[in-house]
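The two complexes that follow have chain A in common; it is paired with chain B in the first and with chain C in the second.
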Partner chain A sequence: MYQFNFQPVIQNLDLLLFGAWLTVRLSLMAMLFGLVVSVLGAVAKTSGIRPLRWLVDAYVEVIRNTPFLVQIFFIFFGLPAVGISMSPNTAALVALVVNVGAYGTEIIRAGIESIPRGQIEAGRALGLNPVQIFRYVVVKPALRNIYPSLTSQFIYLMLTSSVVSVISANDLASAGADLNARTFASFEIYLVLTVLYFLLALGFSTLFAAIRRVFFTYPAGR
Partner chain B sequence: MQLNRRLFTTLAAGALAAGLAGPAAAADLAAIESAGTVKVGMLVDFPPFGIMDSAGQPDGYDADVAKALAEYLGVQPQIVPVTGPNRIPYLLSGQVDVLVASLGITEERAARVDFSDPYAGISIAVYGDAGLEIAGPEALSGQTVAVARASTQDTAVTEVAPADAQIRRFDDDASAVQALMSGQVRLIGASNVVMAQIGAAVGDRFDKKFDLSSQVQGIAVAPGSDALLEKVNAFVAEARGDGTLDEIHQKWLGEPLPDFVKNAE
Partner chain C sequence: MIREFSSADILFIVTAVRWTLILSAIAFAGGAIGGLAIALSRSSQNRVLRRIATGFIQVFQGTPLLMQLFLVYFGLAVVGLPIDPLLAAAVALTLHASAYLGEIWRGAIEAVPSGQSEAATALALGYRDRMRHVILPQAMRIATAPTVGFLVQLIKGTSLASIIGFTELTRAGQIVNNATFQPFLVFGTVAALYFLLCWPLSLLARHLEARMRRALMR
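Let's look at the complex of A and B:
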């Protein structure tokens, strides 16, 4: 019978919590910047300006058809060759933003395309200017339509961020691996890691549900 | 009753294990000389010490040493590929006469096999950009060092580095080396084996800053093969003295046989 020994985990809980805090910060920032990249990408794709569309298409296809591990290695180990050198944590953030931006672009594009032309014309008929139309008639309803897929992509992003330990960033998975290398209490450490990631995902879900209630439950009752 | 049965089972299992292990088969120098071949066990999955060449033949530092040893004994070498876990059983069961298998000399192993004087060694040290002045562990203050997570060098660097040195832990040597070569870090904790491969790729961009620890390797024979061991030791002494080992070391690891091997007892 395996003897559980949570002592190493309890003694080093601060290390794990510090790692978890970095995972949270990394994920939140990647979601925020990723959302901006996604909206810009989706706008460019639906804009009708061909060269712009081709550029975004190329970006989306390259990122969606290559492994995240390769992308992060390229950014951390490859880019210094052309003079772009980033710290592990910055490289991790950039890789996550670039990655989630590509998936988000497609998701938001689908949302924008789900808006019937008639709705935009209705906006015009109401005398809204193009910026107002874009903001209230296109983007907001579009985000509402694709909200579930976008947020599940974001949660997936948070889980994917565990990969960044390969470039020696100090996230939760990395803290777990370091602790494991020192204490060899693999079962206990990864059990606690599992619980922590699960709690983080649950936390993000709750946050997303709250945002949805505040911003996307209109008209009343929906 | 219960206890007796368990005792009996234990004794039976013990007797069986002892029987299977058998007495170590001592190698007879005269028999080797009359057969005209010496059976040498070596690793083939441990570059650059033991590898398979493109023709499927064992090659590497150990293979060259094995050939030199056979030449010294005046017989033909017959190289038998062994693996890390089974190399000592191969020797003790008499399937090979000697092991030139990168076997690190440790006390536990010395209790089971007889080691020659060291013929090779692996050392770990802090290496870095040639322009960087790092005299010792204290100079790591404020510097960033890459290591492979949970490796010997991770433990060693963590132990000696001051608190304000940053240790970046990568999943393996390859990633740590990548970080060094791409300029993400200027220092690395690594073995001379890994650094020899880097040296082959980028020349003298990096040099050794200070040593962390070292492990010497010996040629092993089965216990009781005293005449053979004496001859092997004479070979190691001669090969160290006349530059044979320097030459082989230069060929595979890019530098002459290190002093810590020559000076080791």
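Let's look at the complex of A and C:
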């Protein structure tokens, strides 16, 4: 019969909680930079400049059709061969940003294309200036349309970020792996890690729902 | 000893593709059975079943696949089974696929207009006949595109089995890299092979989705 031993986990819970904080920080930074990459990608894709569009298409397809694990190996182990070396933490952030940027590009492009031309023309007819049109007539409704897909992509990113532990970048999964190497209470440690990730996912989805209530619940008028 | 990256290494990596395919096939087959059970429970009248299915989906979609793999891997010892990477990966990926396919197929079942179900009930069809001959055939058409899309995610997910020591495509790349120390070439090759597996499926999913949308607009 297997003897459960949660003692090592309880004694080192502070290490795991600190790891959880590192995962939150890493995810938030990746979301922020990833959003910037996504917007640039979407703008480039809808710009009508052919070579630029092909470049973004290639980026999106390559990233979406290869595993994140291979991407992070390529960035951390492969790129130094061509003179680009990064610390594990930087490589982890870069890999996550590159990854989520590809998915985000597609989501935001769909958002921009979801705004009917007539809506922009209506804004012009009401005498709004181009900046106001972009801000209130394009960006805000587009954001509302894509908000659910964008935020679920962000939560998926947070879960994926556990993979950065394979290059020993600092996060929750790494904290667990370190603890496992010292105490060998493997099942108990990974059970608690899984629960912590679940709570993080729950926390992020609560946060996103709150943001949605504040910014995106004006009358839709369909 | 560091040696050259030779054609034998490329062959080793290419033949490891078969383990990625086998693992994906096992997980997809198991996930199809589990997913159907989850989807039917999730859309059933029975409240307890519905609650269990919802919880299952929430847990597996709300935790990292990597943690699920570790838990099953170390969990095998807890239930007294030998620790085997292939078994652990197959079980974990099957559970993972069950949750995602369950959620996709639930959506498809609920997308079939309720009039269909009501008409079938009016014709005195029981639950089994209603599902088998009326609801599921229509739901299948709706579910095809997202299911193919998930298959891409599943194939990519099998790469994580390398972390618990199962030698599939990614692990084969790591082994060759450790011997040749040509990470740029090795992981470039590995990535290209994944791309060759996944891209056609992505294109197929997109094609199916576009066809579906055209059919709905008619």
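FYI, the second predicted complex is superposed on the first by the 218 of 222 C-alpha atoms of A that agree within 3 Å, B and C clash if a C-alpha of one lies under 4 Å from a C-alpha of the other, contacts with A are read in each partner's own complex, and residues count from 1 in each chain.
Please note the rule applied: a residue touches a chain if its C-beta (ideal position, glycine included) is under 8 Å from a C-beta of that chain, and two chains touch if they have at least 3 such contacts.
Computed from a predicted structure; not experimentally measured.
**Student:** Once chain A of both complexes is superposed, is A:Val70 in touch with chain B (first), chain C (second), both, or neither?
**Tutor:** After superposing on A, A:Val70 lies in contact with chain C but is clear of chain B.
**Student:** Could you tell me if A:Gly101 is touching chain B, chain C, both of them or neither one (first, second, both, neither)?
**Tutor:** So A:Gly101 meets neither chain B nor chain C here.
**Student:** With the two complexes superposed on chain A, say which partner A:Ala201 touches: chain B (first), chain C (second), both, or neither.
**Tutor:** A:Ala201 contacts chain C only, not chain B.
**Student:** Answer with first, second, both or neither: which of chain B and chain C does A:Gly19 touch in the superposed model?
**Tutor:** neither
**Student:** In the overlaid three-chain picture, which partner chain does A:Gly41 touch, first (chain B) or second (chain C), both, or neither?
**Tutor:** neither
**Student:** Thinking of the overlay built on chain A, is A:Val166 touched by chain B (first), by chain C (second), by both, or by neither?
**Tutor:** both
**Student:** A:Val62 contacts which: chain B (first), chain C (second), both, neither?
**Tutor:** second
**Student:** Should A:Ala81 be classified as contacting the first partner (chain B), the second (chain C), both, or neither?
**Tutor:** Both: A:Ala81 reaches chain B and chain C.
**Student:** One more residue to check, A:Leu193. First (chain B), second (chain C), both or neither?
**Tutor:** In the superposition, A:Leu193 touches chain C alone.
**Student:** Tell me which partner touches more residues of chain A in the superposed arrangement, chain B or chain C.
**Tutor:** C
**Student:** What part of chain A is shared between its chain B contacts and its chain C contacts?
**Tutor:** Overlap of chain B and chain C footprints on chain A: residues 73, 77-78, 80-81, 165-166.
**Student:** What residues on chain A touch chain C, complex-wise?
**Tutor:** 2, 61-62, 64-71, 73-74, 77-82, 155, 159-160, 162-163, 165-166, 173, 186-187, 190-191, 193-194, 197-198, 201-202
**Student:** Which positions of chain A touch chain B when the two form their complex?
**Tutor:** Checking each residue of chain A against chain B gives 73, 76-78, 80-81, 85, 88, 165-168, 174, 177-178, 180-182.
**Student:** Could you please specify the touching residues of chain C with respect to chain A in the complex?
**Tutor:** Interface residues on chain C, with respect to chain A: 59, 62-68, 70-71, 74-75, 77-80, 152, 156-157, 159-160, 162-163, 170, 173-174, 177, 182-184, 186-188, 190-191, 194-195, 198-199, 202.
**Student:** Going by the contact rule at the top, pick out the chain B residues touching chain A in the complex.
**Tutor:** Touching chain A: residues 146, 149-150, 154, 168-171, 175, 178-179, 182-184 of chain B.
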